[in-house]
Amino acid sequence: METLIITLIGILVAVATYLILSRNIIRIILGTAVFSHAVHLLILTMGDLKQGNVPLLKEADAPYADALPQALILTAIVISFAVTAFILVLAYRTYQDVGTDDLDELRGAKDE
Amino acid sequence: MPAQFLLNLFIAFLWTTLKDEDELKMTTFFSGFIVGIFIIFLMHRFFGTQFYLRRLLSIIKLIFIFISELAQSSILISKQILNPRWDLKPGIFTYRTELKGDWEITTLAMLLTLTPGSVVMEVNPEGDMFYIHAMDIEQSKADVLRSITKFEKAIMEVTR
Amino acid sequence: MKINDVILRTISRIVVFIILTFGVYLFLSGHNTPGGGFIGGLVLASAIVLLYLSTDIETVKKSLPLDFKYVAAIGVLLATSTGFGSIVFGVPFMSQTFAYFDLPVFGKTELTTVTIFEAGVALTVVGVLVTIILSISEDGG
Amino acid sequence: MIEKILLVSLTLFAISIAIALFRIIKGPSMPDRAVALDMIGVNLISMIAIISIVLKTKAFLEAILILGILAFISTIAISKYIERGAIIEHKSDN
Amino acid sequence: MSTSQIIEYVAVIIIFLGSIMSVISAFGIIRLPDVYTRSHAATKSSTVAVLLSLTGAFIHFWVSENFISVRLILGILFVFLTAPVSGHLLTRAAYRSKVKLTENSSDDALKEVLFPEKK
Amino acid sequence: MNNLIVLPLIIPIIVGIILVFLRPYVKWQRVISLITMIGIAGISLFILNRVQTDGIIRLDFAGWEPPFGILFVADSFAMLLVLTASIVTAICLIHAFSSIGDKHEKMYFYPFVLFLVAGVNGSFLTGDLFNLFVCFEVMLLASYVLITLGGTKPQLRESIKYVVINVLASWFFLVALAYLYGTVGTLNMAHISERVAESGQGPLLTTISILFLIVFSLKAGLLLFFWLPGSYSVPPTAVAALFGALLTKVGIYALFRTFTLIFYHEPLISHTIIGIMAGITLIVGCIGAIAFKDVRLIVSYNVVIAVGFIMIGLAVGTETSIAGSIYYVIHDMIAKAMLFLLAGTMIYLTGKSKIDEMSGLIRNYPVLGWMFFLVTCSLAGIPPLSGFVGKILVGQGAIESGSYILLVLAFISSIVVLYSLLRIFLNTIFGETIISLEDEKPMEMGMIIPIVLLGIATISLGLGAEVISSYVTDAAHTLSNPSVYIDAVMGGNK
Amino acid sequence: MFSVNLVILIPFIVAALLPLTYRRFKKTHLGWFVLIVPIALFVILARLIPSVASGKTYVHTYEWIPTLDFNFTTYLDGLSMIFALLITGVGSLVILYSIFYLSYKESLQHFYCYLLLFMGAMLGVVFSDNLMVLYVFWELTSVSSFLLIAFWNHRQASRFGAQKAMLITVSGGIAMLVGFIMLHTMTGSFSIREIISSMSEFSDHALFIPAMILVLLGAFTKSAQFPFHIWLPDAMEAPTPVSAYLHSATMVKAGIYLVARFTPVFGADEVWFWVVSVVGMITLFWGSFNAVRQTDLKALLAFSTISQLGLIMSLLGLGSIALQFGYSADSVLYTQATFAALFHLINHSTFKGALFMVVGILDHELGTRDVRRLGGLMTFMPFTFTVALIGSLSMAGLPPFNGFLSKEMFFAATVHIMEVDIFSLPSLGIIFPVVAWIASVFTFVYCAVIVFKAFLGNPQPEKLDKPIHEAPIGMLISPMILAALVVGIFFFPNLLGRYILQPAMSSIYPTFGEAADLTPKISAWHGVNPELLMTIGVIIVGAILFKLLKLWKPIYGLLSSRFTFNALYSNLLASSISKSNTITNRYMNGLLRHYLIYIFVFFIVTVGGYLFYSRAFSFDISTNASFRVYEVCLVAIMAVAAMSMLFAKSRMTATLLNGVLGYSIAIFFVIFRAPDLALTQLVVESVTTALFLLAFSHLPDWEKEKLPKGTKVVNGIISVAVGLVVVLVGLSVVDFNQFEPISSYFEDAYELAGGANIVNAILGDFRGFDTMLEVVVLFIAGLGVYSMIKLRTKKEDENIED
């Protein structure tokens, strides 16, 4: 299972990387979103997979699945949401003011 | 009608206090409630209105209609999907309803949507005309027209 | 022909209440079953989002006259100030306490300072989500 | 035996999702994709229910309801976007 | 086999039926010619599929763990309430975003109302 | 109670939120935020001194003993940075009062600055690696907002790059954290250090350490500084000064912490890579610093140079060189803030940003001119200003350990710094006066006072280096001897 | 109690007071007030001459940064006394002169502030025992010199000259600093006295030669030695009193001081001997050779200064050879070169100071320093002429002036060096007298230029803006005092030798026993010896060359100006700007995509590269948890969904696919027993999708990716590589099972934290702090979005809506 998931993570990361290397801002944002998915899966995979029960004491008996990565991912999910929200708004504000969503056109004025 | 319900609650409460148990038990209250239902059913004519659980019954009936319509329609659509020679004639037709008010219209629309082979696409702004997409317009139109009175009646039983 | 959203509005009215109830449940039950401030807050926020989706901004504003960024701010204040409380009591920052009480109606109930903390979290989540969504929606038209 | 059937069911649901994914990728129209996404959500609900049985836990039952809620909300949002280009309106027409 | 075991089997079979239903509807999603007909498959078969599996799960938990899951009932109710609305909204959106009906379609009562100038 | 050491993080947050409610009352916001920063500076000073008497102070949040909970660890290194950051922020705030404008102030400028400070301070203080990630995010989110504050076109343009690269870095941080958790199964930095030592930092852990190196280098602008020049040259002056002073320092701090506390077993690999990166950073930073005519770009590339210089101290890795880097970090926070404030003020006064568009400002604004000269000398490491002690110690460490290439690069870089800033000075401050008396924009006291304060700071930090030397020595000692930190954190409950 | 530290600090204190108090001196020239400082200091120091001459030294320490051993320790001995007297003595005269040179209109407070700053710094240089403090003052002299050169900073040339001087001298200073640090590394001390006493143990140290070269770099740049001399002519943009003071009498001699001071440290080494003496010789020649062609008298003097500094430098080099032999009757002979160096140092300050002041007078009174516009001034400016004549003749090495004495001793030293039997000197040594003689010929020629071209011949009033007239008396006082010294020293050289030079000699040769032995008796007449013959030759050949100047001057035109060090400097700066602009713009091209590629490639190369290099990769599938068919299906679904995003034709499709990914991940959270995660992921994913849709209303749909195919391929390769590295490290990590995670502790969550949901207990309690900050992050994002959208300034109106 771990190998399977890590392979999946690798595919997600590759896709994310390709998207991030795009010119279009939406592709880039989607790339970061996909990357965050991959990262969350990775954190979970780094705690041992499928070993133990749901970490609810009243629900199941020991052994429990590693709860710490789960808590970390929860935090990470919320943070990636916050970041995605911000960057989306930034993207469209930029589009409104600068008039392009193409990063090649957002190079900026050269000095000298 | 709410008066009936409040009364029922009161009976249940009375029942619980009469029992005078050490602690508050949900089961006691529930049994009191059932007793209340029985009493009120016997006495509802004194209120001059319908027995309030009658409406509950019609709701349950409506739900059964829902379920059976859904079952039938899913079987139908399965047949249509699995039919190797697919030669249906889809289309959009209209239906004007007698029903009034948001709840009635909504319920009817949902029922129609779950009816075999038809999906309500639009309701006109006045709220009395449905535009319905049919999987096979000839057959669906017939189905809808056949069952629609039944639906309207079932709905009105609940709402009016 | 104008769009008639009667079906959506009607169903949403029911659904919103289910979601709200469920959200509160999730918020309160997080200590022992899945849920908690975050998830509760998220679900509550989705209920409000559903309100916006099924009606419109003005309608919601009328029936829910809250400034959501202040909701969020109060949430953060709540979440941080439980930590601050422990400074006052001279225990390590963020120390949470919990105890069991026998309350009428609720029975044996656990009351913890975590609940205040989580309430703060939930309020923030609701406030922020709605603020973001409203800000974007209200922009430009 | 029970578990085997359940696993087969899970696989079937997964296949449905795969098929729906195909529709999302292929389109051709946006509503097609939205329909498929809605279907994926619904199938995921079933999968969670079955997995709960397999894992003998009640911990995921909340997820079922949540997924139901969210699939609904997403569908509304997407359909409004397709229909009107904006998912939340300042003031609806009527 | 005890009654409860039988009921458990019934539950599992219900679930299995649901999964088959789901595959059929998925099949419909690729087989049917346009988004409107596909949405029939989605709103009906899929809904039935999920209702079946939820019901199966509900029965299973009731029988094997003696646990009446309000959440599952709520879930069932919820799907019931929302599935038709989703179907309605999506087809409406499709039509209003000018997705064409399949060529087989015989009748189109909406066209004259929504896009009269095209006539 | 050790609760004291959470105050540099929690006070700015709470005050920041309160200021959200005070949005229309700009004056109140100013007063409160300034008082807050001064207060935090005072608290930090107090903690710093307590660290000298009582040793490292730790605060286990909610009382959970390490390694299970999150904790703050205040050692001299962290507290020196917190103290400097607070002082610099306070001074930048004063500048902001008159430079940022009512419009921006009402855009929650003060709350965001306070959140930024909270994130920065938290990053310095935390003893938990995941919490470091969270503190980074607090800081970054605030910086994302601050960089776009006002939303001019260049700001939006550059901020997209800044945000995307930093988001990517954050996700890589999480990848690294995941790997590290997968190997050592813990998050507490001291505990990680123990476990890494126990397993002997094999190749896999070293690989992971390189990933951390990349992550923190992205934040520090070590070699991977591509986001830096653009994004530091667009925001309002006070914000740019804060960025220049604080942001890269957090990355630098993290690099120092991780590679002295956790991954110190393979210096041949990690420190060589750091050394190469630092060297290249110096070179390209130098090239960049003389490449442009835009004052803000010159100034931004000077940030890059400083990063390279400071990191040489870590690459060399002796106690002396680390002490040198600490001196230099403190110096750089002050001097860079001053430089950015000066550059911004010049641009504000003239409306121009290129050096050949300004001239002879010394006759219009003599104090400004002299302050620019002062900061030029300070950054070039000319004694007895603040830059020189650090420079000497880094050099000393490099010589002790035989890192001659780094030594040469480090010292040549200060000549380039001198040249790049003299170029500004001679072209804009000196020269024919071109602003007539009637065109002259009046210099606002609120702008020049903070600059002068920083100028005084850079002089007194140089002349009075002895005052902080015991702190720095202690900080360097702690960094060079991981066991000091580990014992303070894990003492008694291994 | 007397402390030299105070002597150093007084100028600084006065300098600091000037900007605060100068307004009170409206009526009196500020210079009068300032003049008190050097005079007072000179008097204080002069009173110590007898005791220093008797071998007494003064050490005093103020602690500065004791932790680092940077202490303000001063050391007054014979060597520092010479320089201190020059600094304060010439300083007094220059300030006196400047009172008449600079009008009230100039910003005098700045001028004197810088000058005092310089004076204090210079005193600090010569008195500091602590190397770090010495370095502090050393750089301060560069800074004050910079400010003085740029005094008229509205002039382009002033700024250029100031920058050049600053860059070169500060660079040298930094090199010197490194040398100092190396010395500290070797000896463990920053104290010069301690280093001198312990240095013999370290002559084999690997850092010995590098330290020496670096210290010499500092000295050479400061003393304008070839090829670093190029800054000095440009420094002539400074007001003439400054040139006279800094750029001839004092600051440029700091390098000489440094070499003298470090002779006991490094002098015993062959490298030292060759480097110092050869660089000095080259400078001597090059300076004199170039001085001849100058038409600007000040530039002429600048090159002359370079040349004379080279002379002194080479003498110090020659004198160091005595340390090879240790103290013996023979080696004392070689120390006389050093003696000559110190002697010439003083002489040079007198005659060059006088000459600078003369040129200043010409510039000030006639408005030009160009010899082509001058001539026949002798009759109009008799006093000025006298001073010029004395100075020139002394510089040319003619009696009865002090220059003659030291020049003779210089020739003697070069002749003696040929006799030394080490360092291949018997064969190579001949170059020293030859170069010395040639350079002296050129020196004679340029001295003749001053006298004949400016003061003799026909007056050319038509080329001047002002009528020719004698300078005011005030301006003449200083040069005349110096001229008097030029003559006085010739007649009483041994007074100087005994009281000033002898104690300095013992500082330079601390191991050489009795200092009196090192002090030769100076006399004008030695009989006919090689040096006298050389002098006669200089006069004859020099006179001929001066007469034939017009004939051979064109050879200067042969020196291409493109290959001079000046051109090198200018080109270096100019091309460094344009080159670095090209380079930086090439990779910092504003394209985010490129920046990201650098980052990704760096990641692949370092992390991936090290993974392979170290063989850290390990993989063992047997420890894996089992998997089911439907799980494989889900993985496949996610993989397909992800990859389809790359080909999605519309952003909506891509967003929906992202939604599929998010939902599927939620299922994995279910499979991996993470209920809270599943819940959160589901909601967040939906909200994110909604946000995308919301934002899409404000953004255009995307077009087909417009990248060239090659770029796409590169991007593809990078992406795959990044993914691969993540996978390989991940697999290795899975295989690494040395430690148990700490999480089992949290399984007591119910007892510890009162919660049965472990994840929730972690979030709310064990790691509640994370959660608190995470809420803050969320809040910042929300508030940021709000302010970015709602509080932005509209293009039309500047006010912000509430």
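As written, the chain order gives the labels A, B, C, D, E, F and G, with residue 1 at the start of each chain.
Throughout what follows, a residue touches a chain if its C-beta (ideal position, glycine included) is under 8 Å from a C-beta of that chain, and two chains touch if they have at least 3 such contacts.
Chain by chain, the UniProt names read as follows: A = Na(+)/H(+) antiporter subunit C; B = Na+/H+ antiporter subunit E; C = Na(+)/H(+) antiporter subunit B; D = Na(+)/H(+) antiporter subunit F1; E = Na+/H+ antiporter subunit G; F = Na+/H+ antiporter subunit D; G = Na+/H+ antiporter subunit A.
Fair warning: this is a prediction, and the values are worked out from it, not measured in the lab.
Across the assembly, the mean Cα position most removed from that of chain G is the one of B.
A comparison of C-alpha centroids places F closest to the centre of the full protein. Between A-C and C-G, more C-beta contact pairs are found at C-G. Centres computed as Cα averages put chain C at a distance of 37 Å from chain F.
With each centre defined as the average position of its C-alpha atoms, the distance from chain C to chain E rounds to 31 Å.
Each chain gets one centre point, the mean of its Cα atoms, and the points for chain F and chain G are 26 Å apart. Between the Cα centres of chain D and chain G there is a gap of 70 Å. Listed for chain A are residues 20, 25, 28, 42, 45-47, 53-54, 56-59, 68, 74-75, 78-79, 82-83, 85-86, 89-93, 96, 103, 106, 108, 111-112, each touching two or more other chains. In chain E, the residues that touch at least two other chains are 25, 27, 39, 47, 74, 78, 81-82, 85, 88-89, 91-92, 96, 113.
Residue positions 581, 585, 590, 592, 596, 671, 673, 675-676, 678-680, 683-684, 686-687, 690-691, 694-696, 698, 726, 730, 733-734, 741-743, 746, 756-757, 759, 763, 765-771, 774, 776-785, 788-789, 792 of chain G each touch two or more of the other chains. Per the contact rule defined earlier, chains pair up in contact as A-C, A-D, A-F, A-G, B-C, B-E, C-D, C-E, C-F, C-G, D-E, D-G, F-G. Remark: chain E residues 21, 24-25, 27-28, 31-34, 36-37, 39-41, 43-45, 47-48, 51, 80-81, 84-85, 87-88, 91-92, 95, 101-102, 104-111, 113 touch chain B in the complex. On the side of chain D, the complex with chain C involves touching residues 59-60, 62-63, 65-66, 69-70, 72-73, 76-77, 80, 83-84, 86-94.
By the touch rule above, chain G contacts chain F in their complex via residues 63-68, 70, 132, 135-136, 139-140, 142-143, 150, 153-154, 156, 159, 162-163, 166-167, 170-171, 174-175, 177-178, 181-182, 184-185, 207, 573, 576-577, 580-581, 583-585, 588, 590, 592, 594-596, 598-599, 602-603, 606-607, 610-611, 614-616, 618, 726, 729-730, 732-734, 736, 738-743, 745-746, 765-770, 773-774, 776-777, 779-781, 783-784, 787-788, 791-793, 798, 800, 802.
Those residues of chain D that touch chain E in the complex are listed here as 2, 5-6, 8-10, 12-13, 15-17, 19-20, 22-23, 29-32, 34-36, 38-39, 42-43, 45-46, 49-50, 52-53, 58, 61-62, 64-65, 68-69, 71-72, 75-76, 78-80, 82-83.
Residues of chain A that touch chain C in their complex: 56-59, 74, 78, 82, 85, 89, 92, 96.
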